[in-house]
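The following blocks contain the structures, represented as structure tokens.
Next, two complexes with chain A in common: one pairs it with chain B, the other with chain C.
This part shows the complex of A and B:
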């Protein structure tokens, strides 16, 4: 098996960054997330490949928080399109975990399937090489295995596994992975190694049957009850590796401007506000219900997989301790009168 | 704290039984021993789940906003800072005093369940958890300022030396250094609006950031829109922030929101003070910037 020594990581990233934007898990100040290796400053930042994961998900690599679409200029009574911003730079995401990679797989379903391809997404996605780090030691809020994710065999272009002092096992899985391997070939050694054993998950939930059960639960007291502490901030949606709602807005000055899309959140009251002033999801419980039905029922029905990958971020960061695990358990227990 | 918890349970049971209130806001235990979470008891049967421990850090006065249009009678537990939140709501005409039964608890300082969750998650490298949460470390009013019933032994305010330490440090910077500081700090913002949602003073029915016609503040996560968001939010807090520190505590990207709030607290205190927001409720009395007087000082303009 190919091995990348830990003291060669920086050199490997430098080489990858030669021809691509490389996203790596970094701690910057008090924040952890996927940032470009080009932005790495060794006096203030730390590469955190040895941490379980980072607090901000890597979805921005293919789906940026603010994404310029095109700029325009007024020309008499006409509008001229100046530029269309389709990203074609090669990108590498290095050290992504299986849950977050499954998050990107969910985004693929949304933006590339069912008869519609989103050009902006597609351009980024096709130019992306994924190097996933296998997870052998699930954290206390991790439940990816319950959501159908295999933490040690993510569907990445390359899988790396932390072998401790030996370095990282490096396994290319696809052509893209092979190409990346060639780029750092001289930093890799051949060695017989044994991969670690996957440790037991402490957090598990039975998701089977939840989507079907939820069909009967649109009107159920559970939504009022469980949403009571919810403050309807957007933390859960912004930290979620799969949440992908966006708005399209415009910025103008004088006779020019640009149109962009930006993250939006179904937890906001304004999200469903209609031009005439009505709002089909004006109540907290209605927005709360929609978020979980989308994750656990609608998405499952449309794409055959839940829109939750068990990364645990929403459980960790919810200011009022709302847990999707608890919710699934309550749904399982709920009396639907059937 | 166990004794206080038992007293809270007794009071809640009494109030719900007699119908004096139909909702009682307190806390219940989450999934971890270091996690307590807001809990809305609606019947005597619910009272058993109520807890009061060192992780009951949330400001429940904020939850009253969910009931501002109802006619519910609400009992709730407040610590010192939370009770100032109630004064905030009363001064802002958000809820009638007669609908509330306030159980005040003299607060020895709380621990932050969010920090504990993060610390145990493996997703964040957090420095060691402090004895009491950051937001409690310069607490001025540990004892409730408004209540119907008071529990616990009176607590002494925490030392105040460090209260403006960071504000002073920022004031000492050159304009360029200061700009750089805020550029670094605010460019992290992901615009999740958790600071606004956790804030009891953010009680506008239609928030300026949600207004679409006209859209006052853009929705890009760019430095200029982020700065606009934080500047507008902060200036709306002037004279109104009751220093519960919930905004900073809930921020998922660790923006030092209380630093910004404290600068305004310091200025309001200097220009209109001595003034501490929300420490006394008198009918008709408003915070300094919610009231215009001809002799207001304006030499800073």
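This part shows the complex of A and C:
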């Protein structure tokens, strides 16, 4: 098996960053997330490949928080769209975990299937090479295995496994992975090693049957009860590796401007508020219900997989302690009169 | 079907406003085309994203496509974008992208009598189907149109309602306004109660309705009472939309996206969705 020694990591990232934007898990100040290796400053930043999970997910690599789509110029009544922005630079995401990779798989379903391909997403996605780090020791809020994710065998272009002092095992899975391997070939050693064993998850939940049960629970009192602490801050949606709702907005100055999309949140009142004043989900409980039904029932129904990958970020970040695990348990316990 | 920029579905193509008609004090019809004619073909009941590019973008049902001549959108002034649209003049360039959504089942309705029930701006989407029926008059049976608005001034497409459509073979037009007013000798009252007065026989008939959500609810109730089956009742829904292609998230009802899987549903389909419409 190929091995990348830990003292060669920086050199490997430098080589990859030569021809691609490389995203790695970094701690910057008090914040952890995926940032470009090019932005790494060794006086203030730390590479945190061990962190489970960094607080900002890597979804920005294919779906940035704000994304310029096209610019325009006005001249009286004339308006011309003069530039369409499509990201064509190669990108590498290094150290992504199985949950976040499954998040990108969910985004692929949204942006690339069901009638329309989103060209802005597609350009980034096609130019992305994924190097996933296998997880052998689940984090305290991790429950990916409950959501059908295999933490040890992520579907990435390359899988790396932390072998402690021996370094990282490096296994290319695809042609893209091979190409990346060649780029750092001279930093890799060949060695017989044994991969670690997957340790027990402390958080587990049984998701089987939940989507079916939720079908009967749209008007159940559970939504009023469970949404009661929710402050609709939207942090759960911002940090979620699968949340993909976006708004389209415009920025203008003088006779010029551009139109961009940006993250939106189904927890916000304006999200579904219509120009005429009507709002089908005006109440917090209605928005809360839609968010969890979307994750656990609607997405499952439409795409065949839940829109939750068990990364645990929303559980850690929620200021009022709302937990999707506890919610699933409450749903399972709920009396539906059936 | 030609589609402007179908490779880049969120990027509009530009069209020129060739005519603007005041329909009511707060509804204007905008006629648009580009140098090739229409930017794309659009079926009755389908929608398009219309943008005043520096201001905003909104989903509108297309009121009519005249061959390769123009697309017509009847737009009510209700918000940021529509306020701005109501100030533009002929010659202004706008953005459009589409067509979006499923549209009315014009072929499946062939051979049936048609009952159109609309309130306020709700006539705008139905008009594309009504005009389609008149264009293919022999394909459809008797046509009844019931339309109401707040006041006489608020009735949209008056020339067609009062002069043109009643002259067409086997066609009846019923109009009503919410409150009595001077100079109006027609029916007064809400659309659902007028519908019950007219009491159109469901045999061999398809009812298509659009209007304010509360009107739609009571119209559906009235139709059910008169014996219309779930398959005989069709409506077109609206939700706030941003992308139009089932990705931005907000227009879902259950696992369906109104922009992509709708906006047209029959009552049997609606009853399978969570009661959020």
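FYI, the second predicted complex is superposed on the first by the 336 of 338 C-alpha atoms of A that agree within 3 Å, B and C clash if a C-alpha of one lies under 4 Å from a C-alpha of the other, contacts with A are read in each partner's own complex, and residues count from 1 in each chain.
Basically, a contact is a pair of C-beta atoms (placed from the backbone, for glycine too) under 8 Å apart; a residue touches a chain by one contact, two chains touch by 3 or more.
Computed from a prediction, not measured in an experiment: that's the story for all the values here.
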Combined model on chain A: chain C and chain B, fit or clash: fit
Centroid geometry (CA): angle chain B/chain A/chain C, rounded to a multiple of 10 degrees: 90
Which of chain B and chain C A:221 touches, first, second, both or neither: neither
Which of chain B and chain C A:140 touches, first, second, both or neither: first
Which of chain B and chain C A:245 touches, first, second, both or neither: second
First, second, both or neither for A:282, with chain B first and chain C second: neither
Chain B versus chain C as contact partner of A:321, first or second or both or neither: first
Touched partner set for A:269, first chain B, second chain C, both or neither: first
Minimum C-alpha spacing, chains overlaid - chain B and chain C, in Å: 5
Shared chain A contacts, counted only where both chain B and chain C touch the same residue: 247, 264, 273
Parts of chain A lying in touch with chain C, wherever the complex brings them together: 69-70, 72, 74, 77-81, 84, 110-111, 114-120, 218-219, 244-248, 250, 252, 257, 259, 261, 264, 266, 271-276, 278, 280-281, 286, 290, 293-294, 297-299, 301-302
Chain A partner contacts - residues on chain B that touch it in the complex: 30-32, 35-40, 58, 62-63, 66, 113-114, 117-118, 120-125, 184, 188, 190-194, 196-198, 210, 212, 215, 218-222, 246, 249-250, 252-254
Touching residues on chain A, where the partner in the complex is chain B: 27, 29-32, 46, 48, 51-56, 65-66, 139-141, 228-229, 231-235, 237-239, 247, 249, 251, 260, 262-265, 268-270, 273, 284, 312-313, 315-317, 319-323, 325-326
Residue ranges of chain C in contact with chain A within the complex: 7-12, 14, 53-58, 78-82, 88-89, 91-95, 213, 238-240, 242-243, 245-255, 260, 274-277
